[in-house]
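There are two complexes below, and they share chain A, which is joined by chain B in the first and by chain C in the second.
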Partner chain A sequence: MIALASAALLLPLASFALLAALPQLRRGGLVAGVVSSAFALVSLTCATLLLLDVAAQPGMETGVAPVLWVRDWLPHAGTSLARLGVRVDGVSAGMTFIVSLVASAVQVYSLGYMAHEGKPSIGRYFAWQSLFLFAMLSLVLAPDLLQAFAGWELVGLCSYLLIGFYYQKPSAAKAAVKAFWVTKFADMGLLAGLVLMRWKLGTWEWDGIEPGPYVAAVALLIFVGAMGKSAQFPLHVWLPDAMEGPTPVSALLHAATMVAAGVYLIVRAFPIFEAAGPALQVLAYVGSLTAFIAACTAVVQDDIKKVLAYSTCSQLGYMVAGLGAGSAMAGYFHLTTHAFFKALLFLAAGAAIHAVHSNSIKDMGGLLRRLPGGAVLFITGALALMGIPGFSGFFSKDLILEVLEEEHLWVPFALCLASAGLTAFYMGRVIFVAYLGKPAHDTGKLHTPWVMAAPMAVLAVLAIFAGLLGPTVAGLVGGEYHFALSPAGIAALVFAFGGLGVAWFLYGGAPRTTFDFLAPVGAFIRSGPMDKLYETGWRSGLLVVAAAAGWWDRYIVDGLMNLTGWAVMEGGQRARRLQTGKAPDYVLVVVVALIVLAAWGLFSTGATAGVVGGAP
Partner chain B sequence: MNPPLAAWLLMAAALFCTGVYGLLTRRNTIAILLSVELMANAVNVNLVAFSRFLGDLAGQVFTLFAVSLTVAEVVVGLAIVVLLYRSRSDIQADRADQLRG
Partner chain C sequence: MTGFPWLSLIVWAPFVAALTLLAIPSRSGNAVRLVSVVGAGISLAGTIAVALLYDHGSSGVQFREHMDLVPSLGIAYDLGVDGWGVSLLLLTGIIIFAGSWATWTLKDRHKEYYVLLLGLVTGVFGVFASLDLFVFFLYYELAVLPMYLLIGIWGSTKPVEAKGPFAFAYRLLKVGDKEYAAMKLTLMLLLGSAFILAGILTFYWAGGGTTFNMETLAEAKIPPTTQRWLFPCLWLGFGTLAGVFPFHTWSPDGHASAPTATSMLHAGVLMKLGAYGVIRVGMVMLPEGAQDWAAIVGAVAVINVVYGALSAMSQKDLKYIVAYSSVSHMGIVMLGAATLTVDGWNGAIFQMFAHGIMTGLFFALVGLVYEKAHDREVFRMGGFGKIAPGIAVFFTLACLSSLGMPGLSGFVAEFLVFLGAFGEHPVWAVGGILGAWITAVYVLRAVRAIFWGPGPDRERYPHMQDARGPEWVALCFLGACLILFGVFPRLVLDGIDSSTVVHLARVVGENIAQVTP
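Up next, the complex of A and B:
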């Protein structure tokens, strides 16, 4: 079991090392991609066997007795700073499978999608893809928080590198830096949480945390890190910009796996969050608010990738809300299904972009006829995302609403319910405009290479049927799950069909002007109010502080330094006049001093007189 | 006739003050050296006077050493004056200020 996990972890690293060490291979173009994909597929095989192995273990079902292979890191006085290695249990085995599956699918897909790039660029791309897979798996399989943090930062680096893949494009370079800064800012919270945990709780282990005075603070600081990585409001601003990267990257990093790392971290560290008590509810509020705001924003986007990006944001909000209701199962289940259908959606959108050479849904149109395969795959993913019964998203989204209802978290429940309607609306809008609507200009047939179609087909099967895996997922997380249609689920269905109906009403046929009075609101949302808010905050807050600090440094600190220097120089200039070089002047000084000393000796008494005037 | 100790001391003090006056007022280097000699000899007079009145010969022996040391000092001083004259053709003390800061 450990061997399988280690193989799944180390194979991508080997692939990265090969591509990094052999320039001929790296610059070989698609050869590099084939090597990287082959390693990823073997890694996927190992991960699959590992998952089957774990699922067959009787003890694993209840989430006890994880299998560990660890080595002490920095041992000192009988203890050690941290443990490095792999930890295999239900949660990590399941995530390993999801990550390696989506990564393999994306890498194979990229063989087609990236084929027209320059050869060195392709090699660079696949080297980073391999590095990402290794980093993500080292985070997933981490035996304690420190290794998870190392993997966490490494996936952040890969995200930066892959967003900035088209680094010649200024917007892509900017987006990469923005993603890096925002997530690093959040990681400061995570780092503070780690330090506090080690300091006050004395451990970096995932479990065995007892409720105590510092647990809530540690949990919330870890959550701050997760907010950055999983794009929770108000730190979500980097995710839409991250769409500057190649579409397969968006599918893998910014939809299915890396952004889910925050959710995974919370699931993994759930004992800490459970011990934190009421602080857990913060997650429910932040998550549902994110779900709602991102869904509102997705409604007004014309760029198909932006729609999906805000949708990802929104669905991550759902996961966090589910976790906030105290159900690790709800968050993890939605993470699983979302990974499949959102990766599928991105890859299918990528196929459309690849064929039409535009991101705008207004340039697409009629894709159901022009690109039937891609259209069917996209609509499959969209139906799963909307939560249409039978598709995977229905089960997991329903579970989240159910647990929110059970915990009587009514505000998050209402926000998530509204988001369900908005989700159906914006996905319906994309389908009606891009896939069913009239083509803008070109009406020719389009083509998707089979290397791109095959991975999508695999993901589509999972996007449809992953919902039936509920009991299995529950077993992996260590809980129970029986599907039952609750009132919350029925309400979600009503909202979903309502949203879809409104979308059909507005975009299904001839354009309607019923809601044109909302246009200013849409324009306001499209203008990026959060980005502007950050910019204003930056200018008025940080820059003012910087200016004040600069003034203090320039005039007070430097001023004191300069004053000291000036005083010494000026004093020296004046003192040099004392040294006239003339012997008579010195003699005069000597004589005057003698007279003064003699007078002092004559007129003073006691010990002082003794020194100058003779023995006392 | 034997003058008292105070007379000798007054005479030596007058001699010393004359030397100090010359040291401060004279600009000619040789005159300054002469003034220094006056001051040194005033001290010698004191030593001899105390030796005589206290009946301790050590003072007079001390004076002999002081005289010979003064001679050596004058030799060095005059040598400096000669070199000063050779290099600058001027032995006015207040114009020799090349060591000015």
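Up next, the complex of A and C:
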């Protein structure tokens, strides 16, 4: 098992090293892509075998009997402070499979999508893709929180590099930097949690955490980190901007895997969260709030990638809410199904964007006729996302709403329910406007190359059937799962079909792309009030403080040094005047000095007592 | 330990190379460069050999050499290194080797430049290898003084507007001139040296007036009342070189005005001399003093980290950004030292090593950009990544190490320091972590401003291009080191750790087990 896990982990690293080191690959164009995809597919094979192995073994669920292989990494007074290695158990094996599957699909798809880029750019793209897969797996297979943190940061680096892939474009450059700054800000919390955990809990291991005074603090600090990476409100602002990256990147990092890392981390560290007690509910509230706000925002977006971005944000909120209800299974299950259908949605959207050379759904229309394969794939993913029965999303969303209801977390439950309706609404809107109806400009049928179609087909199959894997997933996480339609589930269905119905009413048939009286609200939301807030904090806050520090250092702190220098120079100039060259002046100095010294000598020895007053 | 005198080889190889250079005519440019690179290379080879031969099992001082110089005063040529010394010698070897390659394209009086540079690095090697305080100080001065000429002659001038309450002083001193930078650096460092000398003489007399040997004096029981004022003497004296706030202001102007290899050595190695002095001479030899003053040392260090990072963010000149970054990162070193914990000290020494390599890489790159673009104003640049991808990649690599990206050496250092900092004063850890974020902000802002975006403006930057030929050596060598020691930190950290245990035990006694997680 360790061999399979290590192979899955290290093959992408080898791919990255080859692409980075060999100019033939680095500047070779698609050959770099072929190498990278090949390594990814082998990694996927290992991951699949690993998962089958783990699922077949009894007792492999999380926390029971993990298989560990570690090497010492940092020393501490002769003992080991930190170690690196792999940990194989249900949760990590499952996630390894998901990550390598989506990554392989995306890389193969990229062979078609990125084919027109310049050769060195292609090499660069696939190098970062390989590095990302390695980094993500090092996080997934981490034996403790420290290695997870290392993988976490590296994944953030890859995100920065890939969002900024079109680095010559100012908006892309800005988006990449913004993503890094916001997630790094959240990572401060994670780092603090890491330090606190070592001091107060004595370990970085995932298991064996007893309830205690500092456990809640550690858990919440870890959650702060997850809030950044998984785009929870209010640290979600980087995710929509991240759409500046190539669409396959959006599919892989910013839908299926990297953003899910926060959710995964919480699942991984669930013993800490469970031991944290009532603090866990914070997750339910933050998650459901995120789900709702993001869904509202998605409603007014015209850019198809932005709709999907806010949708991702919303679904991540769902996952977090499920975790907050105390169910690792709920969060992990939705993570699984979401990875498949959201990646599918992005890749299919990529095909649509490719076809009309625009991201806006207003420029699309009638794609079902012009791009039938791509349209069917997109609609499949959309139905899964909406939670329509028969598709995977239905099962995982249902579970989240159920656990929220079981824990009597009514506000989160209500918010998630409303979000379900909104989700169906905005996805319905996209389907009706972009895929059904009449095209904006009719330019005939378009062809999707098989390198792009095949991965999407694989994802579509999973988007439909992954829901049936509920019991297997539960087995990995630890616990049981039986599907049963509960009142919560029925309510979800009502909201979903309701949302879809409203969308059909507004957009099916005669296209009316916005409610007129909601236009100001839409405009306000699209203007990005949260972004404006952060922008103000940056310009009027941090930059001003920095400028003040710089000014203070240059003109006050250094000023005092310069003042000293000036004083010495000026003092020297003044003191020079004593050296007049004239003997009488020197004699005067001698005489004055004599008087002063004599006076001091007399007064200090008390001889004056005899001289001035005193005894006869 | 009899055997091959590795330490003397390391210390004197550059000096011998410098003497050889005096005999070579300046017009044979390549001969000059070759001798310099070989001299640096011999030292580097020596430091690698020492690192490989060092026995981690017996953690004490090894590679000893002894020769009496002035027996009546107890001055001896005593060399020896422990785990700390090994890593710092290795750092110096790496930087001088890279630096001598980075100077390849210098044309104006390059022979004299190399002579001074090699003389300087002799001093640096000597400090790290010395076990006798007198000889230590001698080498220390040898490391500081050539800076004056190196900056004053080969440096660059950049006018600074005279503003603020002391503007009259700025006008008189001609702030911004390279001569000003050279003079300010030298005078401030000499002032620090004065305090150090006073401290060393106090050690000598308090230790009985018979020896300058560091190990013997460390055993001497210096009364705590003496330590109480002796420690700050040494802290501020050495601290001036280490960039301790508020005596750091020689550093930004010094770095900015200095030529490339000088900045590499200066920020990469020289500032570490100061920190090494604070820890090795100050803390280890004055346990009670260290404990009394630890809280203040730590608080000032946090100021260094955060204030330095904020100042870096306000800079528009690339060299000043990197210079203030050094001030901030040296704060991490002092913070780790102030924690008086195993992790803190391991982190402090490793940060000296990691930051040295990183800043050496930074200044090498800055030198290349300045040479080719003839400009240092970051916000006028843009799009350089298109025509200089190699420089862009290495610059980004250095930036990532600076902000603590795992996989690079900076992360290990900073993480260990944050871990150690939490124990006594959690607020220090918070300050350090905040500083790391601010670093990420200004460092990526610089990358974006210089290398990303449309462009480059070919009218303003007609000669901007990627690194060529020998220019790659320094970049690849330093970049490889950043990655190597980030992935395999134990290559040096094991040695550092074994020495930390020995030294820290002297300071905190039996509590060593309690002060860590």
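Couple of notes before you dig in:
Basically, the second predicted complex is superposed on the first by the 522 of 616 C-alpha atoms of A that agree within 3 Å, B and C clash if a C-alpha of one lies under 4 Å from a C-alpha of the other, contacts with A are read in each partner's own complex, and residues count from 1 in each chain.
By definition in this document, contacts are C-beta pairs under 8 Å (C-beta built on N, C-alpha and C of every residue); 3 or more make two chains touch, one makes a residue touch a chain.
Just so it is clear, the structure is predicted and the values come from calculations on it, not from any experiment.
By the touch criterion stated above, A:Ala77 is placed in contact with chain C alone, chain B being left untouched. Using the contact criterion defined above for the overlaid structures, shared-chain residue A:Trp199 touches chain C, although it does not reach chain B. Look at A:Val177: by the touch rule set out above, it reaches chain C but stays clear of chain B. Of the two partner chains, chain C is the only one that A:Met188 touches; chain B does not reach it.
Of the two partner chains placed by superposition, only chain B is touched by A:Thr580; chain C is not. After superposition on the shared chain, chain A has more residues touched by C, the comparison being chain B against chain C. Using the contact criterion defined above for the overlaid structures, shared-chain residue A:Leu543 touches chain C, although it does not reach chain B. Using the contact criterion defined above for the overlaid structures, shared-chain residue A:Val589 touches neither chain B nor chain C, since it reaches no partner. Of the two partner chains placed by the overlay, only chain C lies in contact with A:Leu563; chain B stays clear of it. Against chain B, the residues of chain A that register as touching in their complex are 576-584, 587-588, 591. Residue ranges of chain A in contact with chain C, taken from their complex: 72-78, 81, 120, 149-151, 153-154, 157, 160, 164, 167-170, 173-174, 176-177, 180-181, 184-185, 187-188, 191-192, 195-196, 198-199, 202, 542-543, 545-551, 553-563, 565-566, 569-570. By the touch criterion stated above, chain C contacts chain A in their complex at residues 160, 163-166, 168-170, 172-173, 175, 184, 187-188, 245-246, 249-250, 252-253, 307, 310-311, 313-315, 324, 342-343, 346, 383, 385-386, 389, 400, 403-407, 411-412, 415-416, 418-419, 422-423, 429-430, 433-434, 436-438, 440-442, 444-445, 448, 451-455, 489-490, 493-494, 497-498, 500-501, 512-513, 516-517. If you check the complex, the residues on chain B that touch chain A are 20, 23-24, 27, 32, 93-94, 96-101.
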